[in-house]
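Handing you a structure now.
The letters A, B, C and D name the chains in turn, as written, and every chain counts its residues from 1.
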Amino acid sequence: MADVVKVAIAGAAGRMGAEAVKAVEGADDMELVATLTREDSLEKLVTSGAEVLVDLTVPSSTEANVHFAVEHGIHAVVGTTGWSEEKLETLRKKLEDHPEVGVLIAPNFAIGAILATEFAAKAARYFESVEVIEMHHPNKVDAPSGTAAHTASKIAAARAEAGVAASPDATETDQGGSRGADVDGVRVHAVRLRGLTASQEILLGDQGQQLVIRHDSFDRVSFMPGVLLGVREVAKHPGLTHGLDHYLGL
Amino acid sequence: MADVVKVAIAGAAGRMGAEAVKAVEGADDMELVATLTREDSLEKLVTSGAEVLVDLTVPSSTEANVHFAVEHGIHAVVGTTGWSEEKLETLRKKLEDHPEVGVLIAPNFAIGAILATEFAAKAARYFESVEVIEMHHPNKVDAPSGTAAHTASKIAAARAEAGVAASPDATETDQGGSRGADVDGVRVHAVRLRGLTASQEILLGDQGQQLVIRHDSFDRVSFMPGVLLGVREVAKHPGLTHGLDHYLGL
Amino acid sequence: MADVVKVAIAGAAGRMGAEAVKAVEGADDMELVATLTREDSLEKLVTSGAEVLVDLTVPSSTEANVHFAVEHGIHAVVGTTGWSEEKLETLRKKLEDHPEVGVLIAPNFAIGAILATEFAAKAARYFESVEVIEMHHPNKVDAPSGTAAHTASKIAAARAEAGVAASPDATETDQGGSRGADVDGVRVHAVRLRGLTASQEILLGDQGQQLVIRHDSFDRVSFMPGVLLGVREVAKHPGLTHGLDHYLGL
Amino acid sequence: MADVVKVAIAGAAGRMGAEAVKAVEGADDMELVATLTREDSLEKLVTSGAEVLVDLTVPSSTEANVHFAVEHGIHAVVGTTGWSEEKLETLRKKLEDHPEVGVLIAPNFAIGAILATEFAAKAARYFESVEVIEMHHPNKVDAPSGTAAHTASKIAAARAEAGVAASPDATETDQGGSRGADVDGVRVHAVRLRGLTASQEILLGDQGQQLVIRHDSFDRVSFMPGVLLGVREVAKHPGLTHGLDHYLGL
């Protein structure tokens, strides 16, 4: 890839897409060569000379977009949801025929949130107790958040691997369920508060000490450094990568 | 009362009592004139010339101790639990015959915890959302903590009085009860973590802003300034006072 | 005043003004009857039938705007800076001739920030140590923030009044000034961090306990509840009121 | 080494030593075979059959203790300060003649504090801004803390290596030094507060997000898991290891 990466953005009219357009335009080492909305033909990817496709579309479009890109030797950075294990497997097969092409499927572009989860999982074996608190705006319909459940699962797996016992808990009576949800043996609490966007706090406790790892996302713009990192790194990682954490060198 | 207050401590052999002995001995404006354990006769209160009794005994002893003190014109600062509404009423009647004597019954001597609750209740009417998180050592058998439930109740009452709607919450699915307990319409979450003693955090949220009030108790010694404040103030407040908050001039 | 308050907004084209227009339009108990930019004549206030003027203009305009309003029996809620003690005094004199008119000059409309300061000042006498940390975006040119300095001054005054000693500090060597600024004897620390808007944290510590009061402003919209509170209350407070805290019933 | 490690503790009469005695006695996989105070001969190490020496003595004793242990094939876990680069080099040479012996010199046994520093250094390249706040009891004579300065240095080195620019800061006027100390280009703030023991908070900020990593040490007992980890791991790491972080598999 040349010094300046040629980028196309699909889903450019959506909220994430619009942020991505601004982010790529603002990056010195990138050139935005095409923006695609649902009306545009995928041929635009080829004619524009794009080296990397950023796909921020919808579940019904993303698979076709990515396969088209791979077939034309264009790397892809994908934030769209809806990639089942079956679809991922089909894509892996396709990539075997295009061994120089890289695809990143990233369920989460917030580097800080990914780091928080990874750090918590690494630290979890060294602390007797661990719990997770996630805090979101009150319009969110599901609890706990997918990110918090994912964090709890990774923590539980890391503790199991290290042979660490469950967090101690002498609770005998719990009026109304104040102790939260049990996700793989890790307690997860969900707070809903006007003014917040998306926050996650992992509390790790041991005799005489506490380690707290907290991530706050205030704005959608917080995902853009992750998108740009994906664009910069995807060509160096041929094949399918699932999760931006694999690019973070942790 | 003279410049130096003469103090007797009942329950001096207990953990709180032992701390109180040290605290009173360390206070320039107090003189420890008697310490009572369960073997001692209450007459010691009179012979020692005590002006204030600090009662840190057990539910089965405290009522007799306080009535004896009142009958002998000795003020009382009481941290012992077990004072039912019925017992309080009997004490109120007794105090009518001794109008110069003050008794403080304090369920909580941690000034910081009391302030946290009071501030949260005052602020609650100005925020769309409010939730409470309490955090304790994992040997605690009940959840949520009495302090947190009390805080939630005071917040709910303040909001009701101001005509504020319930905190918004669009939750449709909650796997495993992550949203915590509902105490008078205020969500309360209980964390259990090795290393902590007793903490309470009140989160208040509104469009574009958040107010967080947090109290951490690291050690039993944190109750002593409240005990000393009680000793200094009790003579100025004849009759029965229930709760140290009434001495804090809020 | 009728059930619905008729409101005019001066400085409607500015960033705060634009937010205020949206906020007043969204309030059931208010009617926006006029918006003024610098081209508009103040006569518009009278012809529109405005009962309350919200002035969010510039220091060179605000004084004339407010005097005009007062002379025409219109209450004023003022967020513009530049009101020197001299100008306030002139306004107080003018209001003596219009005893039914109320004017609120509010240096800060963020209710949460005001509450944080007031609570900290109330709590400060009960804690041996107190320090202030303010955190802002890195484009801010002055440090510490005016709000933090104001909070420190109020804390210092409250402690002086209660006869509390200065916070203990055994520091003998301080490489590079890590202990922060001394504002009336209270240490103030200023953090500059991309992603933040405006936050303030007051730490109060004593033997075995800590009380933390923190306010985060994420967005300019956080000032609007304070503006609306001002509009609702100003008619009930004839004369000059300096600071929204006087309307909060603390 | 057998399933149960035979441990000797030098400096057993000191505060850290006394905690270590309790910790080793409480560990199922260790046997405390000797405790040494300054009166004891080092021969006790040999006659007791110790496999690991835990040295928690004083700078004037530690070097001789460790050399004696190495010469007798006994591993050493050392918490004593005073190991200059020169002394470390002499020890490295000595260990070349005893290639099966491991020595751990650990300036800090608090696993949580070490993790906080390591995580902050790993995350630092992904955030535009980073600052450090350390909080200690007010009897501390130096500021900022060695741990915080060490953290700032590691952060600065990691950012330099990744080619990240300095944290942005538009400050033009700073009354009294509220912006803290500059440690290798990273701002460090020191808070002194009664009630705290030792806390460290690293704030990392970027467009629309914040990552906070915080460690609180409430008690000397928080160092013991690190001491025990050292005892368990030292035999697997022949030669000299400087810093417990090398045992944490990060």
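For this structure, a couple of remarks:
Convention: contacts are C-beta pairs under 8 Å (C-beta built on N, C-alpha and C of every residue); 3 or more make two chains touch, one makes a residue touch a chain.
By chain, UniProt protein names: A, B, C, D = 4-hydroxy-tetrahydrodipicolinate reductase.
Fair warning: this is a prediction, and the values are worked out from it, not measured in the lab.
Counting C-beta pairs in contact across C-D and across A-C gives the higher total for C-D. Residues touching across the chain A-chain B interface largely coincide between the two copies, over half of the numbers being common to both.
Comparing the CA-atom centres of all chains against that of chain D, the greatest distance is found for C. Here the spacing of chain A and chain C, counted between their Cα centres, is 40 Å. Separation between the centroids of chain C and chain D, computed from CA atoms only, is 46 Å.
Looking at chain B, one finds that residues 127, 195, 204, 206-210, 216, 218, 222 touch two or more other chains.
Chain B contributes residues 127-131, 133-135, 138-144, 148-149, 167-183, 187-196, 203-210 to its touches with chain A in the complex. Of all the residues in chain B, the ones that touch chain D in their complex are 195, 197, 216, 218, 222. For chain A in complex with chain D, the touching residues are 110-113, 115-116, 119, 122-123, 126-127, 204, 206-222, 224-225, 229, 248, 250.
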